[in-house]
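Just so it is clear, A, B, C and D label the chains in written order, and each chain counts residues from 1 on its own.
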Amino acid sequence: MTIDELRRQLLAFRDARDWRQFHTVRNLVMSASIEAGELLETVQWKSDAEIAALVADPAQRKHLEHECADVLMYLLLTADAAGFDLVEAAAEKLQLNEARYPVEKAKGKSTKYSDL
Amino acid sequence: MTIDELRRQLLAFRDARDWRQFHTVRNLVMSASIEAGELLETVQWKSDAEIAALVADPAQRKHLEHECADVLMYLLLTADAAGFDLVEAAAEKLQLNEARYPVEKAKGKSTKYSDL
Amino acid sequence: MTIDELRRQLLAFRDARDWRQFHTVRNLVMSASIEAGELLETVQWKSDAEIAALVADPAQRKHLEHECADVLMYLLLTADAAGFDLVEAAAEKLQLNEARYPVEKAKGKSTKYSDL
Amino acid sequence: MTIDELRRQLLAFRDARDWRQFHTVRNLVMSASIEAGELLETVQWKSDAEIAALVADPAQRKHLEHECADVLMYLLLTADAAGFDLVEAAAEKLQLNEARYPVEKAKGKSTKYSDL
């Protein structure tokens, strides 16, 4: 499935239920943030070994997959409500990151504590 | 640009900087959540009219677009680290939502306070 | 009840269950963030009128109260794990905010879009 | 400083700037969630050793303290806007948790993956 096809199905899902009335940009970014919290909850309290076991177990991994899915769907709905293309926006942001983190300076350093 | 092409570029960006060592599932879902908070911050304190003005102004909207982009990129990196396809996961979750919120019951109701 | 008494009860709760081993600073700030997402969820999709009704209804408000409580408890546990006093930290931060947002400039403006 | 004194100073800070008009329950819980994301950001990408070093370094720990402080202040403002006492709410929730996680069952188990 392409992301365009996913978006079409998602907008049809929304419109069949007459939910566009609730889909303000504020409500959608709130929902994306709430779902990102649920995604974080899938690894709450877990050790590295427990997270590896989660990823290796199809049933547990499915839960992680579906929480990622919920966040993605709210991003797509936000992009629709605000009138932009999500993948194009990411391609543009990635280009900015390429310039912001030059390979020779960023290599092997986690970005938060290095002096790039 | 397709999401597959974006993902390829994103993984190349990561690998050129030797950042895969930091990209555990825990670190990536934490980062998705942090970026979702920054996305929420784009509408913090804003009235409906101010959010409409934000969306109508290219410079302000670009900021919203890029915060959505950051979240999407961490979702793609999480999917890569955990070994699943993000768009397929969303298509599957959307099918579950179709069953969970039947049109005849969900129509015109926001999902949090209706008794579906 | 004072916050010192609450903290004592909370640490006793933790220690009776032998949970200190899980209470790393990382796990605690992750948990605070997850609970903040659940707090946000209490108002998800709600209109201004619906939030006013929630606050006016004891049962619904109790849910909001308990989500705030969960966040506070993780802040207190974080402060204990990192070795600082939460209320003193807030008093200090409030003093910084007093200087950062001078009354004559900040008055009547929401802080995100004003040019202070 | 007591939490009552902190709350009095915080409400005076708010009122001196005429900010109560922005302090709806929705805006405040959004702000608590945004600040919880910033708190999480203080440990983003950090290893266990790096977080231990952060806590041991006064300047870095101050940053962690102030992010905790920001979340606490929004919880206090939310409690004021919704008309409840934050510490009493936490004391009540802790009592519920005592019943929900009996010592004999919960001891030594992280709560997410145990079958309590």
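Here is the rule we use: a residue touches a chain if its C-beta (ideal position, glycine included) is under 8 Å from a C-beta of that chain, and two chains touch if they have at least 3 such contacts.
Every value quoted in this text rests on a predicted model; they were computed, and no experiment measured them.
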Between chain A and chain B, how many degrees of rotation does a Cα superposition need? Round to steps of 5.
180
Decide which interface, A-C or B-C, involves more C-beta pairs in contact, and give its chain pair.
A-C
Indicate the whole-number Å distance between the mean C-alpha point of chain C and the mean C-alpha point of chain D.
3
Can you check how far apart chain A and chain C are, centre to centre, with Cα atoms defining each centre and the answer in Å?
25
Touching two or more other chains - residue numbers and ranges from chain B
22, 30, 33, 36-37, 40-41, 43-46, 110-111
Residue set of chain A touching chain C in the complex reads 22, 27, 30-31, 33-34, 36-38, 40-41, 43-45
Can you list the residues on chain A that touch chain D in the complex?
30, 33, 37, 41, 44-46, 50, 110-113
Applying the document's contact rule, which stretches of chain B touch chain A when the two form their complex?
1-3, 5-6, 9-10, 13, 16-19, 21-22, 24-26, 29-30, 32-33, 35-37, 39-40, 42-43, 46, 48, 51, 54-55, 61, 64-66, 68-73, 75, 78-79, 82-84, 86-94, 96-98, 101, 103, 106-108, 110-111
